[in-house]
Amino acid sequence: MSQPHPLPPIALPGQPLAPSPPYTSSTGTHIHTQNPTSTIITASIAGIPHLHPDMSISITRPSPSSSSSSTSHHRPLLLLPEVTSTVLARVTRLNLRQATVEIFAMQAGAEEMGVCEHTFQGIIRGQDVRATEKDRVKILESFRVGDVISLGDQSNYYLSTASNSLGVVVAHSGGELRVTDAGDPLHPINWRQMACARTGVVEDRKVAKPI
Amino acid sequence: MSRYEILSPEGLRTDGRRWNEMRRFSPKMATTTAADGSSYIEHGNTKVICSVNGPIEPRASSARNSERATITVDVCFAAFSGTDRKKRGKGDKRVLEMQSALSRTFASTLLTILHPRSEVHISLHILSQDGSILATCVNAATLALVDAGVPMTDYVTACTVASYTNPDESDEPLLDMNSAEEMDLPGITLATVGRNDKISLLQLETKVRLERLEGMMAVGIDGCAKIRQLLDRAVRDHGNEMARMGAL
Amino acid sequence: MTDRRRINGPAEGTTPPVFLTSSTHKPVIKRSPTTLRKIFLKTSLTPPATGSAFLELPTPSNPSTPTLKLTASVYGPRPLPSSTTFSPDARLTAELKFSPFSTPGHRRGYIRDGVERDLSAQLSIALEKSVDVGKYPKSAIDVFVSVLDCEGGLGDAGDGNDGGVEVGLMGVVAGAISCASAAIADAGIECFDLVAGGVAGLIRERGGVVEEDHVGEGMEAGEDISGARHGEKKNRGIALVLDPSPTDGYIILAAAAVGYMAARDELTLVWTKGSMGREGDGTDEVERLVDGAIAAATSVRLVINEAVKERLLLGLKEIGLIKEKAGGNDGDIVME
Amino acid sequence: MPISILPPQPAQSRLPPDPDSDHDDEKVTLNEDGDFVRMASSQKRPKAISIVTPGEIVTSDPQWMRGHGTYLLQSKDSTTDGSGSDAEMEDGADTAAVGGSGGGSIVATVAGTVQKVNKLLSVKPLRARYAPEIGDLVVGRIMEVQSKRWKVDINSTLTAHLLLSSINLPGGILRKRTSTDELQIRSFFSEGDLLVAEVQGLFQDGAASLHTRSLKYGKLRNGYFLKVKAGGIVRGKSHIITLEAANGAGEVDVILGVNGYVWVSKKVTLQAPPGGESITRLEEEASEAIYSNVNEDIAPATRREIARIGNCVRAMVSWNVRVDEEVLNAVYLSALELEEMGIDGEGSIGSGVEYLEGEVGRIVVLAGMDRVSSANLRAGGMVE
Amino acid sequence: MAPLQTSQQTGTPLSPAELSYLHTSLTLTPPIRPDSRTPTQFRPLFAESDILPSTNGSARMIWGDGGECIVGVKAEVEKNSISSGGPRDWIETNVEVSGQRDDDAFLGMTVAESLLVPGSGVLERLVLGERFHWKIFVDILLLTPPLSHPATLLTLTTYLALRNTFLPKLVSEAAEDPVFDDDWGNGLPLYPVDRIPPPITLLVVNVGENIFFDPTREELAVGDVVLAVSICEKKVVGVRTLEGGSGGVKREAVKRVIKESCEVAEEVFSSLNGVGEGD
């Protein structure tokens, strides 16, 4: 059994780190019950172990910033969207009751937003957009920041944009009148509307509060 | 195989049968508990085992039809069934053709509107081939469907008839071909529904003179009626056995 | 949604791996039965994959003879096609493919034949139990191993290993398991422990003593293990050989391949060939074989650790987080 | 001997548990409608069993109405063209009350026995999949979870539907369904869960719609699931039987699903909460746990009795004996006796004698039936 | 790879409550199996051999839970050629599972590996003079996929079929083209009684400390590791790990499984031979 307190500088999957009664395991670690009496925390990914003040041990993988090394590009620590993680998604389909989005970046807790390897499909239901019911607007190309509220069914994650900081970040005008002038960028006026700089046309969106 | 051997002057065939005699036909029902309905038929040396699962919820959503049950058939020739070992791939044309012929035949007689949006899956395994394969498959499938309690208007029974040309150019129909006769003579596979001569399958893969067809079909229909009687007997025996066992 | 079936090449191209040139290879020393072949293992070589690794067993005798070279690439966790039923755990699928030029003698086709389907099934059994699938609901983890070169002995036509058991396939599976495990670690997928593959064989001793193995100096990352721990018995008759290679020319009576998780001391795969009975002195041949294979796997595990650590340090150096620790940075991995 | 490999008995030779009828006189001389009289064992009245097969004209008498398993052949003479019977089929055999229109004859569509119930003639097939009827108590397994409902496998033709609105929500009946429930749907039932429910309605295509709106229904825990052939469990008044298990194993619940799914489990008693609060609190606390997947701890003795009872049910169904409380209790007692006697000498637990397949099963069921008939004799003195 | 359905054919998993009940019952000492069998007790088996006259050897077996397997062995004369990969390819096995598109490579290799163990002596009996040899095809047909894992069922049936296989007697000289005695009566058995018999494979699941033979699907679902141990005449001729099980397993458990399999195999061989004489 390695020394309980000073954690090794680098941990590899399966490496025992500390006895579990005093310590608890968090991301990147796993509780392994060797025999009914002793359960230990073992590393489950290769990375640098950290002992957090609340006696929990987590392992973080050094994610080299994308700019410096060409071979391994920027990988988010989080590989899958989890409940309560905020995501950046693009709306792919709209219908009366829900919007289907494609999640392409996510962020868990404090770390910054990481582009994920594979895009996941999510659904924002009507009742999750805002407390008051908003009818759908048929703009395809608008980015939305939402947070994942439940794992949903087979292939979809359920997202909600209820809180103020969530909603449309980047949008393009739909150009109901003529197709030609569609696609100009819109800038937010208030949390409910966005206006097109060129034509001044105002369109309904659930706008995220600009940070 | 010179033609002479097919039918001896006294009218005896290679295996000693007369022109209108059938090979030994021994049907067995409910041979396994793992499927809804099952049957095993030995018609001479042609042995076919059949198991029916249905009507069940179709796994492939393509097989979902809102008013009727869809019938899917799987035919598989065991590699050891022929005289020489031959592994038939799944994409074998002849197998696909048999499968569609069987599902068409049963689609017309099974009461599929009683179980909409479900599927009846028939899986047939040919353990040994000695002529009249398709006919034996039809009989085995019918028996297994009856065992599974799938509603049908009447039994579908099938048999084969060959047409032999005597040295003096006159023709004789031969009932129930074995593999030797099937290879050498033109023949038809014929399936009827119930006792009243309604033909639901007629297959001719070789050339035969038109005027002979009439006679062959007449013999075929009588053959099917005989097989229907044998199948009916098997079902009744099975039913009485279950009654004796107190299962009813 | 990327099309899972067509995986197109990396955008900016890769640098070809540098091989030992023939001039620098060492003088030929015949490998003793309990010395393992040196393993060259490097991770994250194919950028589009979440994790990847390349494994090679350079034979010191002469570089022109075929050696085992295989690459593993891991994609995942990625979304399952919408038709599949919900699964609270990730679905790990493993596929092993011999590239057409890989086997000496006849060229293999592109469609997966029986041998490849069998090895793929064994590979997925070995890896399945090490990955913490509960952490990635509704997703798929795909592992692809392609064998670029192998030492024959696959029971194909032309390599006459008559009488003995072919260990070629076992060597390929063991290499595939170790390489795939390194790729999974490189992908950052959480797992209980890394699985190392090990092979051992029983041979009939040919004429006199099988020379006691001497501790050769370790080259590259591989070390060999001294015979002490495994009590290499010097009895007549049956001898244990670790990491047998088809080119060694042994006639192997029985062989065993294992997938072994060293930290947890657990086996995820056991595969034996050849007939093994009760030996004269009571020890069961099966037990000797399994223990031998586990010993081989334990030392392979050290190689995997080194490779994963190497990539980690590279990452740290880049973001300047390297800690200048006094005791160097050879993390002390304790294996019960 | 751990393994016994027997030559396959031809299906016919599995002798029925009829001690009193000797077998040779039962050689059946088959006349056209296959009628023969069979001396049933003592309880059942001797009754004529007539088997009909598909295509057989059951009757041409117009006063009979057509039920399941038959179709109407509108025939003046025997040879009608095929389309005639098809046309007739549009109304489908389910709508039983088609008047026996003149000249038509009722023809069987399945092989089975003719059931004549005051003017309604139907044919019950020898073997068929379970057809759900309203009010049936069934055990089912969740196959698929959709946004507002579950698809449940109940061994019938189509998977049944269980709507989110027709289940008990944790926290008592008063709780109104909120939209978050849809998100937490998997916390109630998820794939693979077993439940006992009641058929509350049938859809147009015959699929069942279930509900679990009562305390006796819900998720199943603390026990073992076994599947018997669908016809084995006959619709009776009570499908949840509680047996007093021997060897101090406590009470065991046996849930006999009409669809042939059986669940044998330790009786889950609503322990009164320590504080002895009011009934609603108790009921409230109970309903919190109805969706938990955690079993209570079950003593090995109880597990052994659960296994034994499971074997008894399986043996009774394979020997076509009607499974109800009285007979099950009798067969269970005779199984216990069997173990004490130790049929092949060693009575040790591990003798495997409790495995009631094949011959051993028949002996146990036979002994159970004798026990019941003797009890009836003592009780009523009148064999009925 | 044989698909191990965790519940009915549709592969829905068992419920967590069932799994935990079964796991605790099976890890007790003495263990309690759901159908109260002893750990080494098999479910009843029905078997018959020589059912297909058009084959050199055949057998059929019906398993406790309704699974059915038919094996046909056919022999063909084949010219020796260097390219044909030596004697290892003289016996070809193929496992066909009804309802599955392609044949099952994993099960096929398991059977082939244990059949072609060096020293089994069967290959010598296939030689026909200097230029020809018998090519044996062992075709295994799993009719209704059994609810539990098919490994044991198909190897027991293969054992019976191989025991029932007869090859026509060679009457021609070594150098000439092979000519056979056409009296089927005095054909030579492929596995004569006095020589090494064909192997069988026992499927064993290890749950906690206990080991169970002939496991049902529920027992497989809660097992730690599932091993297929092939045994022939007190020698272990092949061990394979199968899909299933929830984690790795200690080496002692693997050794114990192999040891116990040898003992049980003895009784299985004797009862199998009983079927041979039966008809």
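Labels for the chains are A, B, C, D and E, by order of writing; each one numbers its residues from 1.
Going forward, a contact is a pair of C-beta atoms (placed from the backbone, for glycine too) under 8 Å apart; a residue touches a chain by one contact, two chains touch by 3 or more.
If you want to know which protein each chain is, UniProt gives these names: A = Exosome component EXOSC1/CSL4-domain-containing protein; B = Ribosomal RNA-processing protein 41; C = 3' exoribonuclease family, domain 1-domain-containing protein; E = Ribosomal RNA-processing protein 42.
Computed from a predicted structure; not experimentally measured.
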Minimum number of chain-to-chain touching steps separating chain C from chain D: 1
Innermost chain, taking as reference the mean of every protein Cα atom displayed: E
Farthest chain relative to chain B (centres taken as mean CA coordinates): A
Winner on C-beta contact pairs when B-E is weighed against A-C: A-C
Identity of the chain that, by mean CA position, is farthest from chain D: C
Intercentroid distance (Cα basis), chain E paired with chain A, Å: 51
Centre distance in Å when chain C and chain E are each reduced to the mean of their C-alpha atoms: 29
Chain centre separation (chain D, chain E; CA means) in Å: 36
Chain B-chain C separation of Cα centroids, rounded to whole Å: 54
Where chain A touches two or more other chains, by residue: 151, 153
Shared interface positions of chain C, touching two or more other chains: 85-86, 192-193, 261, 264
Residue numbers of chain E (touch at least two other chains): 10, 12, 62
Chain A partner contacts - residues on chain C that touch it in the complex: 1-2, 12, 44, 47, 50, 75-82, 84-86, 132, 136-139, 185-186, 188-194, 261-264, 305, 308-309, 311-313, 315-316, 318-319, 321, 323, 325, 329, 331-334
Residue ranges of chain B touching chain E (in the complex, touch as defined): 31-35, 45, 47, 49, 51, 59, 74, 76, 78-85, 87, 90, 123, 125, 127-130
Sites on chain D touched by chain E in the complex: 1-9, 141-143, 153, 191-194, 219-226, 293-295, 298, 300, 303-304, 307-308, 310-311, 314, 349-352, 354-355, 357-358
Residues of chain E defined as touching chain D within the complex: 6-8, 10, 12-18, 20-22, 24-25, 28, 30, 32-38, 40-48, 60-62, 64, 156, 213, 264, 267-268, 271-272, 274-275, 278-279
Of chain E, residues touching chain B in the complex: 10, 52-55, 58, 62, 65-68, 70, 72-74, 76, 94, 96, 98-99, 101-102, 137, 139, 141, 143-144, 146-147
